[in-house]
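Each structure below appears as structure tokens.
Below are two complexes that have chain A in common, paired first with chain B and then with chain C.
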Partner chain A sequence: MSERALAIWLLLPAGLLLGFVALYPVVRLIYTSFFQFQLTLGPEGSFIGLANYAAAFEDPRFWNALKNTVLIVLITVPGALLVGLLLALLANLPFRVKWPVRLGLLLPWALPLVFVGLIFQWFFDSQYGVVNDWIMRLGGERQFWLFKPDLAFIAICFTIIWKTSSFVALILLAGLQTIPKELYEAAQVDGASRWQSFWRITLPLLTPAILVAMIFRTITAFQTFDIPYAMTKGGPGNATETLAMYVRVTSIENLNFGYGSALAVLLFLLSMVITVIYLRYIRGADD
Partner chain B sequence: MKINNPRIWLWLAAAIVVLNGFFPALWIFMTSIKGEAELTRIPITYWPENPTLQNYVQAFREQPLARYFLNSLVVAGFSTLLCVGVASLAAYALARLHVPRRNLILSLLVGVSMFPVASLMVPLYQIFVELGLRNTYLALILPHAALSLPVATLTLVSFFAGIPRDLESAAMVDGSTRLGALWHVVVPLAAPGVFTAAILAFVNSWDEFLLASTLLPAKAMRTLPVGIQLYQGEYVFPWPLISAALVVALVPVALVIAVFQERVVGGLTQGGVKG
Partner chain C sequence: MKKLFWLLVAVLVMSTALAQQTRLRVFVGGQQRPDVMRKIFDLYQSRNPGVRVDVEVGGATSDQQQQYLTTVLASRDPSIDVILIDVIRPAQYAAAKWADTLDKYLPSATRQALLQQYLPAYAKANVIGGNLVALPSFADAQFLYYRKDLLEKYGLKPPVTWDEAIKQAQTILAGERNPNLNGIGFMGNISEGTVCSFLLPIWAAGGDVDEGGKLVLTEAQARASLQFWLDLMDKHKVAPPNMAEKAQDTIRQEMQAGRWIFGTLFAYAWNRFQNDADSQVKGKIGVVPLPRFEGGRSASCLGGWQWTISDFSKNKAQAYKLVRFLSSPEVSKILAIDASNLPVFPSLYRDADVLKANPWFADALPVVQAARARPVHPRYPEVADVMRKALNAVLARIKTPDAAAKEVIDGLRAIYR
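Up next is the complex of A and B:
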């Protein structure tokens, strides 16, 4: 067998799997988005061109979901980067026993998103929640966290930042460990303060890792589903409904596949734009 | 005690990171061993006054929690096997053989790993309904294997690339075929990489909710995240049951990351540092 033929045989299973579960579905999704196709109305759809997309742009619930999604990106990505940087700097200190700190960073990453949503729903419980208990001990008033639109949004963003900051911290920690110690020693000899070392050495050398973490976080934040779904189901009203949640309600719960597919295509395009920027950046870094 | 004693600051830093990471899991464990009377008392108690395993008994008795656990294990186990098997073949080709348009394939892999699951969910639902496979394990094993495939392949490519070519050539000179060399030389050396990819794929599958709830909604087929999430609608005060079930569901993942923590950190951060 020639090397080329062997290569093709070895790549074939991966190609088939991704073709069946990722590429074909995307083609099918785009195709369905051009149809009026609702299972509750009948098994057949009718071609309506771009009408589903036109309907989306007229749909206040779509704009609300898009607004919530973009807000979650704008709040939780910088939030997770900041908290993650702080955790990474703390975790990078010269501990003699390393495993407790490492596990402290790994555990939030490994907890299923839905479980994190449930646990924090319990934290934010208005009757028996830890958060209200702390607030009341400090003399504050009981808050109905998940029943008021703004408070529910804050609680969800807080939860997302907690869940995602540890992954950011792991990436930044790996970046911190590649910075040569000699640089800090040299800076110290030259009389630089710790603060100056941080701004002049740590931050510039950490920038590539920060960018990678930021891009990964941005892409996943656009797809936010599990945590708000577990905490509020998108409520109260639609105050915390994200784009991914609206896609699910439309297609799987209401069985409106035509319109649901159009919404899903819009979500897909949003993610792919960010991904292309990401790939550009990687290629730029290679040159 | 001197305030600028560096060891105090070290302890403080460690305490912040550990508490931040462990507190939610710890709190749900504390919740799970309190009786319902204690859970619905104000002010709330921080240390369980009468620790009890009653919630665990209930969790298994009132809900098919053991079945959910089994379903999660089957889906995560088989999708991991499929994913790592397929990824190993592809990664070997990409790392070692002359593959036309190699960079395009690698870029495509990164691109596919960024596909939003919520978008794939809609056509996957239609496809598996048409095939009559909805509510069968296969309907979730295939997507889960595919979702972890890009990351597993990219992880393995860098592992294979790190194995000296000379070892392989030497085996081939000694009369092994290329596949023989692959099996006897490359596979043992790549085992740590394969293992890392397997852990990541397993945790990804164990955690996944959106596709699991769409493709395996029947009560007997639910995975742990799907089953436990639904307690909310089924009980007025679901927290005794949810907390106990969560602890049961978290044990396998906690064990995996505790035992293989260095490997997991290595696998997770590899792409990040190099990117």
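Up next is the complex of A and C:
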């Protein structure tokens, strides 16, 4: 057996597994999206070409969910990046007692998303929530956090940033620790201020790590589901419904697998486009 | 050597007996007392030595259970034989061809006689397009729970109309001057209970959503319902302004802590009020049918659970025998006594043993008999979504009753076309 053939044989199990768990569902999803396939109308589907996609573009609920999803991306990705950077810089400081910062970094990251959603639902509850308690102790008015569209959006974005910035911080911390200390010492000798060394050394050398964190954060932000689902169920009305939530309602509750698949493909395309743009950026940065 | 031979024979006989044993897998929800269900299955096993019944326990709410079941059934998985489903689902199961129709086991005369024994609403809910899709397990309905002690203190009788209920709540709230006390509690968050909230005023005024599969709900009726609940908060001040975030169990917990005069809740609340260690309202709660409007009728939202056979089961005949047992008066009585589930047979509401365990069942029968089913439609989840989102949006004050009523009618027309 030639070395090449051996390599193919050795790679085959992994390739098959990957094909089975990753490729097959995606192909199947795209295939289903071309069908009128709703179990409540009968167990069989019929081919309708691109009609599901045409329906999506005329569906106000799709556009509303898309708008909400994009808003969440635009708010929470920079938000998590900023908070995450601050956390990473804090964790990178030579404190003697490291565990409080490390715990603060790991805890939000380790908590399951739904738990976080439920915890913050209680925090923001208008009657029993701690947030309103603080506001009213400070002399403010009771706010209906979870069922005024703007406030619900703020509450959800705040929660997502709290939950995800620790993930960003972990990646950035790893990046920070690869920056050689000598660079800072040299900068100090040359009379650079801390601010200058942050802008001239830390930030440029951290860019690859920031880009990696941004890619992961953006893709997961497009798929936002758990936190708004636990906090508002998409309410009031559909005011905080994301695309992933609409996909779930369409397929799992309404049993409309054809249309649900089309919506999922659109979500997939959106993430793809963003990823490709980022990857281009990274390659550009490497050159 | 001889001994060994007989031992071998014994092993062979036993293993063929084991092989002949039918195993049935039954799916029940986590909130449906799997322990009591197990007891019932044990009873069945002792009478039918050839059958072994395994229980699979699902999530704690109807939605969670159905999410899992959708995955199992949409992939035509034969592992589950019998399923306990919510009263809103038979139409969906029939349309998706997930349920085995029971007619092939039942001659039409027998079927007629069998269905007549149950509360009429359940016979109706389980026959879809002329086919019997499921058989009832236990009943449920929405009741008006009220604070007996407070109504007595102000010399009031339980309300018959909504106007009375509102006036009584206002009187008591004005007299008590307790900032933690509220008037009339109802579901307003995005949940199945809010669908019932939306429907109650429509039924109480004499209307309905569909008739013979045709949409009959008018925009005016929908608007009146949305306006009614909004008015409880804004005009009559008998509900706090945050009803858009109230789930059924939130109202139950608050009423248990003594924070509501009236509450529209399903049957499960009663036992929590009476038996929970932290209940502040033990012995202080009464139950009456839901109020009607002047000139309308009293109506409650029908709940309840049904046994259906998966169309993908490989033991349908055995499953059918089990389902007949599970939907019998004997099991209904066990469920009433051990799990406090409302019976599906009217006669059991007068049964001495049942009343000893649950004295309040005597008051429950008229409510269950007057309960109305939510729309029976294969696309019910979409119907429900339209209605609960509309009421939730009105209570959150992001839509006016006018705008939301128009959306309800447009949304329902698209589904009922």
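Definition applied: the second predicted complex is superposed on the first by the 257 of 287 C-alpha atoms of A that agree within 3 Å, B and C clash if a C-alpha of one lies under 4 Å from a C-alpha of the other, contacts with A are read in each partner's own complex, and residues count from 1 in each chain.
Rule of thumb we're sticking to: a contact is a pair of C-beta atoms (placed from the backbone, for glycine too) under 8 Å apart; a residue touches a chain by one contact, two chains touch by 3 or more.
Predicted, not measured: the structure shown is a model, and the values here were computed from it.
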When the two structures are superposed on chain A, do chain B and chain C clash or fit side by side? clash
Of chain B and chain C, which one contacts the greater number of residues in chain A? B
State whether A:P149 touches chain B only (first), chain C only (second), both chains, or neither. second
Regarding the shared-chain residue A:A174, is it in contact with chain B (first), chain C (second), both, or neither? first
Looking at A:K67, would you say it contacts chain B, chain C, both, or neither? Reply first, second, both or neither. neither
Would you check which partner chain A:A239 touches, where first means chain B only, second means chain C only, and both and neither mean what they say? second
Partner chain in contact with A:S261 - chain B first, chain C second, else both or neither: first
What is the contact status of A:R200 with respect to chain B (first) and chain C (second): first, second, both, or neither? neither
Using the touch definition from the top, say if A:Q127 reaches chain B (first), chain C (second), both or neither. both
Would you check which partner chain A:E253 touches, where first means chain B only, second means chain C only, and both and neither mean what they say? second
When the two complexes are fitted on chain A, the stretch of chain B hitting chain C, from 3-11, 21-29, 75-83 or 129-137: 129-137
For chain A, which residues belong to both interfaces, chain B and chain C? 125, 127, 252, 257
Chain C contact footprint on chain A (complex, rising order): 39-43, 125-127, 144, 146-149, 232-239, 249, 252-255, 257
With touch defined as at the start, can you tell me which chain C residues reach chain A in the complex? 63, 66-67, 70, 74, 92, 95-98, 189-191, 240-242, 244-245, 378-379, 381-382, 385, 389-390, 392-393, 395-396, 398-399
Using the touch rule from the top, collect the residues of chain B that touch chain A in their complex. 9-10, 13-14, 16-22, 24-25, 27-28, 31, 39-40, 42-44, 82, 85-87, 89-90, 92-94, 97-100, 105, 107, 110-112, 114-127, 142-143, 145-147, 149-150, 153, 178, 203, 206-210, 214, 224-225, 228-229, 232, 239, 242-243, 246, 249-250, 253-254, 256-258, 261-262, 264-265, 268-269, 271-273, 275
Spell out the residues on chain A that touch chain B in their complex, using ranges where they run on. 3-4, 6-7, 10-11, 13-14, 17-18, 20-26, 28-29, 32, 87, 90-91, 93-95, 99-116, 118-120, 122-123, 125, 127-130, 133, 136, 162, 166-167, 170-171, 173-175, 178, 208-209, 212-213, 216, 219, 222-223, 225-226, 229-230, 243-244, 247-248, 251-252, 257, 260-261, 264-265, 267-268, 271-272, 274-275, 278-279, 282, 285
